[in-house]
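Heads up: the structure comes next, in structure tokens.
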Amino acid sequence: MLAAEEWEVLELSLRVAMCCVVISLPLGVSLGWLLARAEFRGKVLLDGLCHLPLVLPPVVTGYVLLLLFGRRGLLGGVLERTLGLQLAFNWKGAVLASAVVGFPLMLRAIRLAIESVDPRLERVARTLGAGPVYAFCTVTLRLAAPGLIVGALLSFARSLGEFGATIAFVSNIQGETRTIPSAIFTYLNQPGGEAPAARLVVISVLLSLAAMVASETVSQRLRRP
Amino acid sequence: MLSIDVTRELAHFTLDVQVNCPYTVTAVFGPSGSGKTSLLNLVAGLLRPDHGTVSIDGDALFSAKHGIDLPPERRRVGYVFQDDLLFPHLTVRQNLRYGYDLLPSGARRFAVDRIVDLLELGPLLERRPGLLSGGERQRVALGRAILASPRLLLMDEPLASLDQGLKDRIIPYLRHIRSDLAIPMLYVSHSVAEILQLTGQVIVLRQGHVLACGDFFDIAQRSDVLPLMEAHGFENVLAVDIVANDPAQGVTRIRYRDRELKVPLCDRPPGSRVFIGIRANDIILCREQPEGLSVRNAIEGRILDLSTVGGKQLIYVDVGKRLAVEITPEAVAELGFQAGDPVVCLVKTHSIRVGPDVE
Amino acid sequence: MKTLAGVILLFFTILRADAAESVTIYAAASLTSALEDLAEKAKAQDLDMRLSFGSSSTLAKQVVQGAPADLYFSANVKWMDYLDEKGLVEPDTRTNLLGNALVVIAPKGETFPVRPEKGFDFAGAFTGRLALGDPSHVPAGIYAKQALQSLGWWQALADRLAPAVDVRAALTYVERGECKAGVVYATDAASSADVAVLATLPPESHDPIIYPVAVIKDRNRPEVRKALAFLQSKPAVETFQRYGFRVQQTLGVKQ
């Protein structure tokens, strides 16, 4: 049904999308909490900054990632020296590109979910003997869980479709950074590539649908009275 | 013993309270916006005083001088809110155990089963809060706070959102908590009737200041305190014995001291003791037992004193307990009431409210 | 109601007025700097050139789908042929205007010796990936692959590529030091201050790099012909040469 190449692309895309969600969630929850509950100067600025990837053209985002995380970049150099981590031309770079581009979507969902939880519930938990982190996790986070799942799903789906930033940052290396959208792009640029491209499109859609169904199921379970 | 000596800027005034509360239950009474909730929040550690100290039995919860400010989870101060604030994602059992499970087993003063029995929560244990009635939720909230083994229980108008019948049903539980579990309580309410069923010790707050502090009946008639109570419908509370229920007549006969009175039909068994409430402005005074009147209830007594408060005339009558009676100044002048005069207090059967059992 | 109609009419008039006078040119990315420069100069001649840059393949596909290009300026004969076969080229307007060369570049300050001949161990001369346009569809990449294959260097590098979405991106990779070597057009290398040219690949090692330009079918308006003539005029030719292009066609064009 699928050529070996296409399996490779599929596996890579799934790997990138899942890692993207895993690294985005902690940051999404932290910033979501900060923007939902805390008051501080510069809050509006932080909010705007987090939404930047939403308004920038993905290719520009990719270029900015190259500037920051490339070998000579501000952060890239540090990462390479301390952790030996290289991100350019690497599937890890694709993960970063997806994470950055999908972050505003995830953040919004999480923030809204936390805002909808009565803050007094956490205070009650504190009077019952729970420390601030335990109270947050067992009460607010647990009640905001459906929103977290929506956020994760959005990030996952966005990653599956992410093209511009990825191709600008990590280029289109078969087996390493050729995710589904990049592969579709490549196939379309070759004569007779419509068929494999179409197959990948169908797979992409099916994956997104599957993710949506999964997240709905989990959400329902969490909400059951 | 709870000791509070704090000041704190609030939105409209400064909260400035110095009190010691040695009793098991101390009520905090005052109009809306007088700072009652803020006071509780200061004791709970949810609000930080600007200056002062808060301590229980000598242990400082907050001390500006020594830089002590225990976070709420270390204070062991329970809090029951007007909105029960049960955790909607947990069952009743899980709610009850939330604080309990966080305690080291040696620190747990009460067993879960004991509290479940005390508050009659057995049949509700596996339900979610969304499916409970208001009264059931408040009982769970009480149980949850108690099971965290607090050394002080703060209650912020816990019965305010319940109807009278429910209130009457929950007050006995509160009395149980007071007498069986011996947990000190700071009980905020603006219902005098509610307070009186739990304690005689009251702190009156107004605009962030302690207006009066002490025995309720001593301070209730002060000219500065009385208007506050009047505003919330001052209700006299008496303890009486049920004699018999008379469904045919629609009344229940009760005995107060050696008089028999009729109250609206209730379902208490003969021989039990209950509280009844009579509002001050539902009592009629006359100099002698009247004839030919539809009013069934007549209680003899002697006038203790009179006071005028904000255009209203209050007469305190000793009927074995001090009754407050509100009548027009015109009537007082016309009938020449004076301290020491014998009088008869008349109350319509249906002006009497039957309250909870006396434990 | 009348005012609304009047406003709408005015709006469309303005639109049409604009469309009537400007010439839309779809051009390969490698022509960016040169054409932008020329567009400035064209203004002096009352010529409004609207430029749209991209990879020749993408642009060609867009034209096939009806994109409003008046002139198509490709980096590759293949894609011009593609349009020609589809009957989208105005007859007798196709001109092989420019040529280019391929160079090997490295980040400035990190140069190493390269001999553009068979037998030189190019793959062993640097670490990491080689930046180039995606050989599967970007013309610069296609030429680069040809050259590398003909020099016998391709085998060792086939899985050390960084296939960029277009040649400018490949240039950026080398400028940023992400890649220690890259293959781009001579014109791209000339435009960047952050790369150094290590060697020019022999013209015989790849198909001639020809930049054909043509008028798209049914868009043969006076101002479009004027633009085409401008691109072949002496000042334009000098500009192209300044940017490093080889100029193929002599002056003059059929009106």
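We just call them A, B and C in the order they show up, numbering each chain from 1.
Just so we're on the same page, a contact is a pair of C-beta atoms (placed from the backbone, for glycine too) under 8 Å apart; a residue touches a chain by one contact, two chains touch by 3 or more.
Remember, it's a predicted structure, so these values are computed and weren't measured experimentally.
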Identity of the chain that, by mean CA position, is farthest from subunit B: C
Central chain of the complex, centres being mean CA coordinates: A
Subunit B-subunit C separation of Cα centroids, rounded to whole Å: 87
Interchain centroid distance [CA atoms averaged], subunit A/subunit B, Å: 54
Separation of subunit A from subunit C, taking each centre as the mean of its C-alpha atoms, in whole Å: 35
Residues of subunit B touching at least two other chains: none
Of all residues in subunit C, the ones touching two or more other chains: none
Of all residues in subunit B, those that touch subunit A in their complex: 44-46, 71-73, 75-79, 81, 83, 85, 87-89, 98-99, 102-103, 128, 130-131, 144-145, 148
Sites on subunit A touched by subunit B in the complex: 118, 120-121, 123-132, 134-135, 138-139, 142-143, 222, 225
Touching residues on subunit C, where the partner in the complex is subunit A: 57-58, 129, 131, 134, 136-137, 161-165, 169, 172-173, 176-178
Complex contacts: residues of subunit A adjacent to subunit C: 63, 66-67, 70-73, 88-89, 167-168, 171-173, 186, 189-190
